[in-house]
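Read through the structure below, which is laid out as structure tokens, and then see the notes.
Note that the chains are named A, B, C, D, E and F in the order they appear, and that numbering of residues resets to 1 at the start of each chain.
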Amino acid sequence: MLLHLSTWSEVGQFLERSKTIVIPIGSNEQHGPTGLLGTDWLCPEIIAHEAHKGGADILVGPTFNIGMAQHHLGFPGTISLRPSTFMAAIGDWVRSLAVHGFQRIYFLNGHGGNIATIEAAFSELYAEASFARRPAGFACKLRNWWDLPGVNALAQRQFPVGHGSHATPSEIAVTQWAYPDAIKSANYAPQVAGSGPIREALDFRARHPDGRMGSDPALATPEKGGELVRLAVTGLVAEVAAFGDEAPVL
Amino acid sequence: MLLHLSTWSEVGQFLERSKTIVIPIGSNEQHGPTGLLGTDWLCPEIIAHEAHKGGADILVGPTFNIGMAQHHLGFPGTISLRPSTFMAAIGDWVRSLAVHGFQRIYFLNGHGGNIATIEAAFSELYAEASFARRPAGFACKLRNWWDLPGVNALAQRQFPVGHGSHATPSEIAVTQWAYPDAIKSANYAPQVAGSGPIREALDFRARHPDGRMGSDPALATPEKGGELVRLAVTGLVAEVAAFGDEAPVL
Amino acid sequence: MLLHLSTWSEVGQFLERSKTIVIPIGSNEQHGPTGLLGTDWLCPEIIAHEAHKGGADILVGPTFNIGMAQHHLGFPGTISLRPSTFMAAIGDWVRSLAVHGFQRIYFLNGHGGNIATIEAAFSELYAEASFARRPAGFACKLRNWWDLPGVNALAQRQFPVGHGSHATPSEIAVTQWAYPDAIKSANYAPQVAGSGPIREALDFRARHPDGRMGSDPALATPEKGGELVRLAVTGLVAEVAAFGDEAPVL
Amino acid sequence: MLLHLSTWSEVGQFLERSKTIVIPIGSNEQHGPTGLLGTDWLCPEIIAHEAHKGGADILVGPTFNIGMAQHHLGFPGTISLRPSTFMAAIGDWVRSLAVHGFQRIYFLNGHGGNIATIEAAFSELYAEASFARRPAGFACKLRNWWDLPGVNALAQRQFPVGHGSHATPSEIAVTQWAYPDAIKSANYAPQVAGSGPIREALDFRARHPDGRMGSDPALATPEKGGELVRLAVTGLVAEVAAFGDEAPVL
Amino acid sequence: MLLHLSTWSEVGQFLERSKTIVIPIGSNEQHGPTGLLGTDWLCPEIIAHEAHKGGADILVGPTFNIGMAQHHLGFPGTISLRPSTFMAAIGDWVRSLAVHGFQRIYFLNGHGGNIATIEAAFSELYAEASFARRPAGFACKLRNWWDLPGVNALAQRQFPVGHGSHATPSEIAVTQWAYPDAIKSANYAPQVAGSGPIREALDFRARHPDGRMGSDPALATPEKGGELVRLAVTGLVAEVAAFGDEAPVL
Amino acid sequence: MLLHLSTWSEVGQFLERSKTIVIPIGSNEQHGPTGLLGTDWLCPEIIAHEAHKGGADILVGPTFNIGMAQHHLGFPGTISLRPSTFMAAIGDWVRSLAVHGFQRIYFLNGHGGNIATIEAAFSELYAEASFARRPAGFACKLRNWWDLPGVNALAQRQFPVGHGSHATPSEIAVTQWAYPDAIKSANYAPQVAGSGPIREALDFRARHPDGRMGSDPALATPEKGGELVRLAVTGLVAEVAAFGDEAPVL
């Protein structure tokens, strides 16, 4: 069930049988010469919507499409929240969902650069309860789509060389599978990009002139993307069910 | 051109011929018994994407899908930012775009409840420049899709009675046209909803038990939605062009 | 009754017969070659205090004299809060009044540039209650003095040409009536000022070199100001009474 | 010269001969059974305006009338900013004035409870410059009106017993002198109020049931108020001149 | 008892016999040619730990070692929080301690520049309770170590000339007594430093080229430091006991 | 070289030969029945100070002793910053150091719960530069002491069973080595604690009744702690040197 295509009473009915919601979350940022700017929010959206299409009784919320990508601001099209803004926004999303009685907020993440801030945002939310000596009433979970059971292993088998860590062939393959009309091509030099630390935008662009980190996106194909999506969907559905079934301690 | 399906170098090329970007912005909130929770962000997205499909050389950014909807939090599925969070997030979107050289940021809005906060966010951004005695380097514009030339007049002709101000037949018609598989039906009692002031969520729900304000959504049809979209697209393309052509004073 | 000239026990007694308070709110900003810097906070203060002098049993709080005027910072004497600061301050005023049991907070506004931020501040306040699933306990209302019943119409009759939108002859007339010793004169070139968009301070001053927007302040007279004040007082007293009598829904 | 009754060009002319401005700042809070709620912002306003009336060539800005009075919130009519809000607002006032070229911002304060927060606000402002390794461009000064040369000594002579620290006969005398129509009377029990620590509002009211701290307001007379005002005016004018003449080190 | 060398259950047992905790708080900032950068947090730490060593049944928390020292940022090694950050951090310390049931939070301060911000932080904490019409549940107290009974008088006797207000011989003596291996020497020119206002860092360094204010640190000796510490310890233990014994009013 | 026992001119001299500083950072929080509340800030402080004592020419700043420990607030003695406060404070530390010309800020961390927030704080700092299209001027690095080369491997050899993730025998061993007078003992039930998710404080205490996570602290000995410290010191000195020698790209 897609929340944005549902009515409030349909969501009310869903809440009678489940207190769990899935929020695709990512970033809108450069992904090298051929990766889509939306890659990091499209991937979790694609996977979560595919789980819905496949018949799973899960509720998928709107996609949180702008994350923490300050280091990519040297490349046109990148849009980033500062960590403090990102935390405030995640906080308001979760507080809104908790008002309705959601008790399990599952974020399916598509951007490594989001992880620290999302975790900090969870702590900020929990801290409200901790300082007030009361239960939070909800639990948050962060899962990167590539960390769903088996997915990383599949990507390593698909791309034993040149997977890298940004503008990876696996994430690009997922978007190719879902948006075949938006497949781009380019010559890569070098074929496999270099790597290095992540700091401010000018530093990043100096180190990574075309935006890639350690990857060879030419390896991506829509077919490989489809394999990744199918495996991720299976893992997602199982994890969400387990999260919802988790016994509370309070 | 859809930013999220483009690469950074494609956006870089666009910037050589235009400094203007369109951001669909709305809210994810209850829209009565039959309106979709995504109505307010779907409408501007539908119109902006349709303008792109129709061949206009405009750049459409990702959709800003969560806005200021605190008064709707009494209905399941509503997700709201506080105004302060909303302003911080709009600020970071605009600052990101300004880094790349965008000078005209056009927000196509789908939610009346967003207007005050978006305008305040613009002032917050301009104030940075004003306190620093320097030019801002960019101009922001807010346009509600129903205020595009001719659109309100058409909606009044289509729905002379029962248009109302929330969960209106015009906005529902737009989503019906775009998402025909998600058309919902219900009995409305009363047929045309009442109206009243907008305050906190509990007060709102007590005044507006099914979420509508002054509207009869049963009047919506996909055909009427299509008429509205086509007229809005024409107005959008013209306005964006005029905004881009505006002569700067600094 | 003027709060600042009353004791705490007098306010306590007032609260036994009414839960409504009027707060004049405005801005301290340039008003063209002849308008007073205090115009926008003086006008609502003049009207509210005149209502008190006329015998109405209303409680008028201190004047909130600095608002959102970032666009006027290019002219000496303008003092502006950023929107975020303005919202925080309005929030603390309202929270303070709510502590005492005030349930109806009526802001009589004198500055168009304040409107968006004040509305956003109200939403920020209501959101605290909405996120906490509880009633707010108070209602806020914003009314521009020129929107009081009949006032705009009178101003249009008084100044059919050259009223404009900033440094208008109507607001200047009100201050002339109240502060006859502070009436200024100047040559205006052009006689009726131009108009344009409102952005950052440097842009504003480039577009509006003497600070006026669309107005011819030479039309103002103390007599016309007196007419405006008398009409506004009547409207204010009636509106405040109606606001106080409003039946709560919670 | 009163800024709010001046035009922007008059302020511009003033800036050619002086870079100094005086801001009366206080608080709107309970002042015992007979003190006015406005006492703490009226006193510095009275003194500064009297200096202006007396012919001093000083520029007096609008009165900052709401300060830090959280401990008085147990008494009706008190309006308080949190320290963080107060600091943000002082910051925006000073930044606005600095935009125009004011280099000496002199705050004439009427409330002891404001001192810590105003000093912290100054440090917050200076810190912007310090972190940026640049001059601030302005200097701030805080002066309590009772600390102007000779004023405290006069008050001690006028009220050798029962001066106390809140709702003092000296501050009440000043308002009696300026607002003779608003003189109140009451029986005090005890005649001289007790004292104690200042914490949250409920604690404060429990310790100080009628709001006074150590004072006997019955001793106040308009005549004594007039003596205090005249002495304070002399000190103010001299101090402001000295502040403006101070040689910069940068 | 030193909290950081205790277990949570030991602190739990302490809470059964006392609700009071001592927090040494200071600043890490330049202290002239020979003063240690840690002087202002070392002094209260030395005194509080010495009280513990001497057998007093007090609980000493971790040292809050970074305070408000923006004006010293022109000298290498200074680390400063902005006042707003400092207030937020003090707030979280106190809220944490209140969660455990501490009702008396005693800050032993070593830096004059901290005073305003710490007081503002207390007010910010109390304001939460005041706005919510509830008791705070705790009381905060700030004491500068030099204001403990008799200490200032001793320092004046020890250093009748050249005590000054920053990099004073008394504070340097205390660190010499505790850290004899870190005693530094230098030629001072002039022997007794000048004084002046405190503003931003560049202004401060221009006025106070070697960092001292009014002091002659050459007068410090470890022996004098020991005398000061012993007297301060006596005062601290007595004050903390009295604070803990204070009868609540709520 | 310990910054807090140095003068500003000594730090100035250090800056002539190195732009790198080491900041021990941790948390003050419960560590099970026998672990010290200071464990997480003592461990990095012990290691960094030991490196200094061993003769390495490194500069060690004051210890940042309070971190993100909201989940431990159910146990007496824990003091936690909210993530937003922690980020603001880290920001001010780094900005202060950058004012002096430090270009390499190395945080030696002792608390797993700090990692996300520290990384988010770095991004917040870098974002200032990225939004302003300028170099940051400094680089930050976070290293957990147990991730220094070889340290985790040694701990696994020392404690093949019962190491766990909180109140681990390795961290307790380090404090036992440094503070032999503060070694505590208790009976553990169960001998090896359980594990589980980390959420708000009440949830945490319900899952982990004595505070441990997966650990058997009885295995700790001062000797093992000494081995860990010596290995960590070697790694720290090498890493800090390499960080300082890193070639900039801008």
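Criterion: a contact is a pair of C-beta atoms (placed from the backbone, for glycine too) under 8 Å apart; a residue touches a chain by one contact, two chains touch by 3 or more.
Nothing here was measured: the structure is a model prediction, and the numbers come from that model.
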_Can you tell me which chain lies farthest from subunit E, using the average of the Cα atoms as each chain's centre?_
B
*Cα centroid separation between subunit D and subunit F, in whole Å?*
47
*Just curious, how far off is subunit E from subunit D if you go by their C-alpha centres, in Å?*
29
*What is the distance, in whole Å, between the centres of subunit C and subunit D, each centre taken as the mean of its C-alpha atoms?*
25
_Residues of subunit A touching at least two other chains_ = 73, 80, 82, 84, 96, 99, 130-131, 133, 201
_Pairs of chains, among all present, that meet the touch criterion_ = A-B, A-C, A-E, A-F, B-C, B-D, B-F, C-D, C-E, D-E, D-F, E-F
*Could you please specify the touching residues of subunit A with respect to subunit E in the complex?*
130-131, 133
*For subunit F, which residues are in contact with subunit D within the complex?*
95-96, 99
*Of all residues in subunit B, those that touch subunit A in their complex*: 3-12, 15, 28, 30-38, 41-42, 61-66, 73, 75-82, 84-85, 88-89, 91-93, 96-97, 99-101, 179, 182, 184, 201, 211
_Taking the touch rule as given, give the residues of subunit B at its contact with subunit C in the complex, in rising order._
68, 70-71, 73-74, 80, 82-84, 87, 113, 115-117, 119-121, 123-124, 126-127, 129-131, 133-136, 139-140, 197, 199-203, 206-207, 249-250
